[in-house]
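Dropping a structure here in structure tokens format, bear with me for questions.
The first chain written gets the first letter, and so on, giving A, B, C, D, E, F, G, H, I and J; residue counts start at 1 in each chain.
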Amino acid sequence: MTKNEMRIAILGAKQKLGLSWDALAGVTGLSAEFTCSVCLGMNSMQEAPANALCSALDLPSQVATALQACPMKEWDKTVPTDPLIYRFYEITGVYGETIKEIIHEKFGDGIMSAIDFTLKIDKEENPKGDRVVVTLNGKFLPYKSW
Amino acid sequence: MTKNEMRIAILGAKQKLGLSWDALAGVTGLSAEFTCSVCLGMNSMQEAPANALCSALDLPSQVATALQACPMKEWDKTVPTDPLIYRFYEITGVYGETIKEIIHEKFGDGIMSAIDFTLKIDKEENPKGDRVVVTLNGKFLPYKSW
Amino acid sequence: MTKNEMRIAILGAKQKLGLSWDALAGVTGLSAEFTCSVCLGMNSMQEAPANALCSALDLPSQVATALQACPMKEWDKTVPTDPLIYRFYEITGVYGETIKEIIHEKFGDGIMSAIDFTLKIDKEENPKGDRVVVTLNGKFLPYKSW
Amino acid sequence: MTKNEMRIAILGAKQKLGLSWDALAGVTGLSAEFTCSVCLGMNSMQEAPANALCSALDLPSQVATALQACPMKEWDKTVPTDPLIYRFYEITGVYGETIKEIIHEKFGDGIMSAIDFTLKIDKEENPKGDRVVVTLNGKFLPYKSW
Amino acid sequence: MTKNEMRIAILGAKQKLGLSWDALAGVTGLSAEFTCSVCLGMNSMQEAPANALCSALDLPSQVATALQACPMKEWDKTVPTDPLIYRFYEITGVYGETIKEIIHEKFGDGIMSAIDFTLKIDKEENPKGDRVVVTLNGKFLPYKSW
Amino acid sequence: MTKNEMRIAILGAKQKLGLSWDALAGVTGLSAEFTCSVCLGMNSMQEAPANALCSALDLPSQVATALQACPMKEWDKTVPTDPLIYRFYEITGVYGETIKEIIHEKFGDGIMSAIDFTLKIDKEENPKGDRVVVTLNGKFLPYKSW
Amino acid sequence: MTKNEMRIAILGAKQKLGLSWDALAGVTGLSAEFTCSVCLGMNSMQEAPANALCSALDLPSQVATALQACPMKEWDKTVPTDPLIYRFYEITGVYGETIKEIIHEKFGDGIMSAIDFTLKIDKEENPKGDRVVVTLNGKFLPYKSW
Amino acid sequence: MTKNEMRIAILGAKQKLGLSWDALAGVTGLSAEFTCSVCLGMNSMQEAPANALCSALDLPSQVATALQACPMKEWDKTVPTDPLIYRFYEITGVYGETIKEIIHEKFGDGIMSAIDFTLKIDKEENPKGDRVVVTLNGKFLPYKSW
Amino acid sequence: MTKNEMRIAILGAKQKLGLSWDALAGVTGLSAEFTCSVCLGMNSMQEAPANALCSALDLPSQVATALQACPMKEWDKTVPTDPLIYRFYEITGVYGETIKEIIHEKFGDGIMSAIDFTLKIDKEENPKGDRVVVTLNGKFLPYKSW
Amino acid sequence: MTKNEMRIAILGAKQKLGLSWDALAGVTGLSAEFTCSVCLGMNSMQEAPANALCSALDLPSQVATALQACPMKEWDKTVPTDPLIYRFYEITGVYGETIKEIIHEKFGDGIMSAIDFTLKIDKEENPKGDRVVVTLNGKFLPYKSW
């Protein structure tokens, strides 16, 4: 079973059962964000949460096997077209150098890891319009000299 | 004076005077992140902080004028090469669909604004290695139907 | 049912029944432009108009479900080839900076929203040749400083 | 004098004299939008408005000559990066097929001209936030068969 | 029936019956060039010639319907690879500015329409090697000022 | 002297003296189209017309030398942006396969040469709007088999 | 039968029968290089060799028809990835200008035809390692002036 | 002195002195093709021929130093535009797979080296039009298995 | 059987039987790295190891035939997206010129072969986190002059 | 002083003084590879080695300051053209998936760091031709789940 077949199976079962990512996070014991990224084929999870997820969604064991496989992470376009995703691309373009300046000022020469990394999305209620709060948290990795 | 000439003048003065973005934020009364993005030519600021910045950096009034101009925001490459900036591009690629799923689940059909938007970078001390915490906060904009 | 399957089903039924977008707009209570964009898979609509549309087109309930889903908006080419669509791309290229100058002069630093946005297409009769009138109407979003 | 030198000269004089595009439109007897597009190097104008513009801006006759030359219209990137301009590119992507459907329904097979064409930008005051109204008006050109 | 299915049906029937584009032009009452472009999916024709073509090729009525639909004109590569087609792309590259200079000298600022347009291909016999003569004929469209 | 310096010198002198391409064609004894293409740096000419052209434009002998050099033919963008030139690119896209079909039907397998080739631009007066007539004339080159 | 179906049929039969391109060249009376290029779908051949080839490979007559059709020559990537093919692309990049200089010195302004053209590949035995010798032979085409 | 400055100096001196690549090959004791490629900045030569070349062209010793430096080989476009060079790119596209088939048949799995490689250009006189003969000669390199 | 079908068959059998690349290397008598690259379709192997591999994986003889065929090496994207593979692309970008400088200093003008080449991946245990050690070993190929 | 000015100054001084990267490594106390990468502008070094390097090369203190600045790492082309560098790009393409398979087999899901990373280039003498040995050594970073 490929990651893509796995993804279609999970999204179909999730819609049929009317389960949210939050509910599935309760099943895996992981966050909704990470659980979702594994189901979309962009991360892998351990055997226990994979099995729990398959039980909750009433899916066969090949899905659990596919959830544990190391994914080949691919995306189709260097410039994303979907407006929601594009805005994040735009933020990287507009603020990329700003982020670089501030991180170097606070930490020195190095980068924020995208591997030892977590992502959280919250809803901030606001009378002028609710706000999306995305928190990226990654380990600082200093460049090694040798 | 173009935005690029403004940028070179500011970065040169900042280095000569040994001032940090945090110190300049104290001068403008704005955050270090926003102050930095204006100095790099990716945003504009009002007259008062622009003048204050020029005084602190001992720069002529054309710089203050340039700081107030609406910028043409441009970046050079659809796939950034600098490793620090690339990791943010990669996060958009790996987690773009996850972010879309979770925002739609929490808010419905719409996007997070990149205009009514703030960005904050913090240092989280950690014995296993300090962590970079980037907080993106944007207004949710629902799609209008008509 | 994917958005693409939904689209094929709707376009087929619409052609078979000989219904226009204007007629379908009468069914949904929305404009022809918005109704069309949802049917092509580029927007979502509420349950009531989705059900009404499916009744009018004699289509099953999965189509109504697909009409309500948040779409992944994608288009295939950065430079469109179809001459009708290309002309709009060309207008963005030729007049993009003009639009930017005039909006900044009238509104200050910010953008026109493409989300809180409506689009209307009218026919202006003219003895020298009828004219197409396209009206874009979007909320002005000022850049936030912080 | 190249179109680019002309553009720099005009934008510099306009800023020094504090003149708006609306004021310059009063000088040329043309719209602010068209006047601006000629000054940016994307259109040409006749001798009389070119001379009037140069007088108002206190610029030499080479500028008037350059304003009358047929421009080589060029833009740098197939996907624009500036957020204000990008939104118009996005509208073409999201609504391009919708526009095509509706124009074909109202007019038959053909296109909207981008040459026999006008563009108008208005401010619509609104208590929930002012709105930008862009009106594109182009002659319908039916495909010739032969 | 999609334009592509229509195209495959027509090319198959044409080959089986051994008919030339010239012969099909006799059937439609249009030129071979235009008839061919409609059959390849790049233009539309009226009901009468569409029906005549389907009779001549012994094809069902869906083909006639597809011949009348407004096509989405698409081509796959910005730089064509087929040597015959590439040479026309090369001519645009090598002589594009020359064509622009001469048209502006003869007509003023404007363009040659590719919509109100005809194309003719003739064989010029020549003892040193026959020659291909391609005649492009398009309406001159002057830029409108407003 | 590079081809680009040559080009700038010629276009400057041509404008100063108010000479048309037609007038320069009278000087070189070649067509206006070919003369123009050499002056823009896309072809070379023999010594006699090169010298005649330099005399007429009152330019030094290095220009004549540069006119005789074999050019490196380069153009900047695979998809041209200028609307006049783009329309010719579009014609190649829309009608490329049609041209291929018709040439193969009339001549067999091979191509139209873009080297043993001439180009002519005429004005066809027409009460509904004058028309541009572009005639491409190239030797047919059959593919060699071996 | 498309060129691609023809190609798959031929390569399959060739492998099953264990025939080399040299052996097939003996059948067609053409070179191995040209015979191979036709079978891969990049050239066409006359009826007699096409029929001979089909007999030798025990393939039906549609294959012979497809071998005679004028091909649409397409290749997938502007920069080839296969190392053997890439080296030829690299040679064009590294030696392209050298080839241009030497041909212009020996022949004047013009090009080497890729249509009136033959290609031969030989094995040169050498104790330090055998060598591949590729001979390209094309007619010189001088640029026409007019 | 950069390779580009070296190149300009050599081409200028060569033109001034009216020397051919053949003549310069006589000076270096190398082929015209290799000598030319070094002068264009795409290869390096030893000290003795570099000095001999500088003497013959009356150029200073920095040129000889630059001729000996290992070049960074760069070319500007993946698809070359100059017609002479493009034809070689086209040959790679049309015949790339043919070359691969024939080399594998004659030599097994491996490639033709573009490093242990020579290139020769000859003129073949022919009453129907002279022909360019390009001979590529590279060592066969079998893939190593390990 | 295509290389892709071969690859799917092998990866499926390998997963079903729970065999590692190390175990398969024991079967072929080759390294795990080379064995893996052949199975993924990027190299070929001799008859004996191909047959041994098919026996161990219980696969039919067509797989062994496909393992021996010369592959067309293709990869999909010039900038890889998978983070593991991207880091190697990044290393080429960041250190490419450094590698060039050091190799030229140690060896003179030439390149490291990617054909007469081996690759080895080792695990270096380390209390601060294990390390990946990749050893690339390629023959130095000096540029030939001629 | 920009990184590029720094680079030119260092390469010029290094050539004038005839110093090797090995000799400069002796001065900085770092490896030749890392020292070289800093001098080319792709890494930063501490104050002490920066000062030592400037003394050895007889360069002013601005160079030492520039050596310590965090670089914006940029490279010009996604597909490198220089043959030496291209071979490393090719290795990533041919062996990228192999490397991924083997690392996942040995380490689990994660990547090799390109930040906590060292690079070493050695010469392996060999009677059949010396070999280049490149050793990449990076920390394994497991994906975090959360």
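Some notes on this structure:
FYI, contacts are C-beta pairs under 8 Å (C-beta built on N, C-alpha and C of every residue); 3 or more make two chains touch, one makes a residue touch a chain.
The shown structure was predicted, so the numbers you read here are calculated from the model rather than taken from an experiment.
The chains in contact with subunit E and with subunit H alike are F, G. Most remote from subunit G, judged by the distance between CA-atom centroids, is B.
The copies subunit A and subunit G differ by a rotation of 145 degrees on their C-alpha atoms, rounded to the nearest 5. A separation of 49 Å divides the Cα centre of subunit C from that of subunit I. Centre-to-centre, using mean CA coordinates, subunit I is 23 Å away from subunit J. Rounded to whole angstrom, the centroid-to-centroid distance between subunit D and subunit I, based on C-alpha atoms, equals 55 Å.
Subunit D and subunit G, compared by their mean Cα positions, are separated by 50 Å. Contacts with at least two other chains are made by residues 33, 43, 72-73, 75, 78-79, 81-83, 90, 93-94, 97, 100, 110-111, 113-117, 141 of subunit B. If you check each pair of chains against the touch rule, the ones that pass are A-B, A-C, A-D, A-I, A-J, B-C, B-D, B-I, B-J, C-D, C-E, C-F, D-E, D-F, E-F, E-G, E-H, F-G, F-H, G-H, G-I, G-J, H-I, H-J, I-J. If you check the complex, the residues on subunit E that touch subunit D are 30-31, 33-34, 43-46, 70, 72, 97, 100, 104, 108-111, 113, 115-118, 141-146. Listing the residues of subunit C that touch subunit D in their complex gives 20-22, 32-33, 36-37, 40, 42, 73, 75, 78-80, 82-85, 87-103, 105-107, 110-114, 116-117, 119, 121, 123-124, 126, 128-141. Looking at the complex, you find that subunit F touches subunit H at residues 72-75, 78, 114-115. Subunit B meets subunit J in the complex at residues 79, 81-83. Across the complex, subunit H meets subunit E through its residues 79, 81, 83, 86, 90, 93-94.
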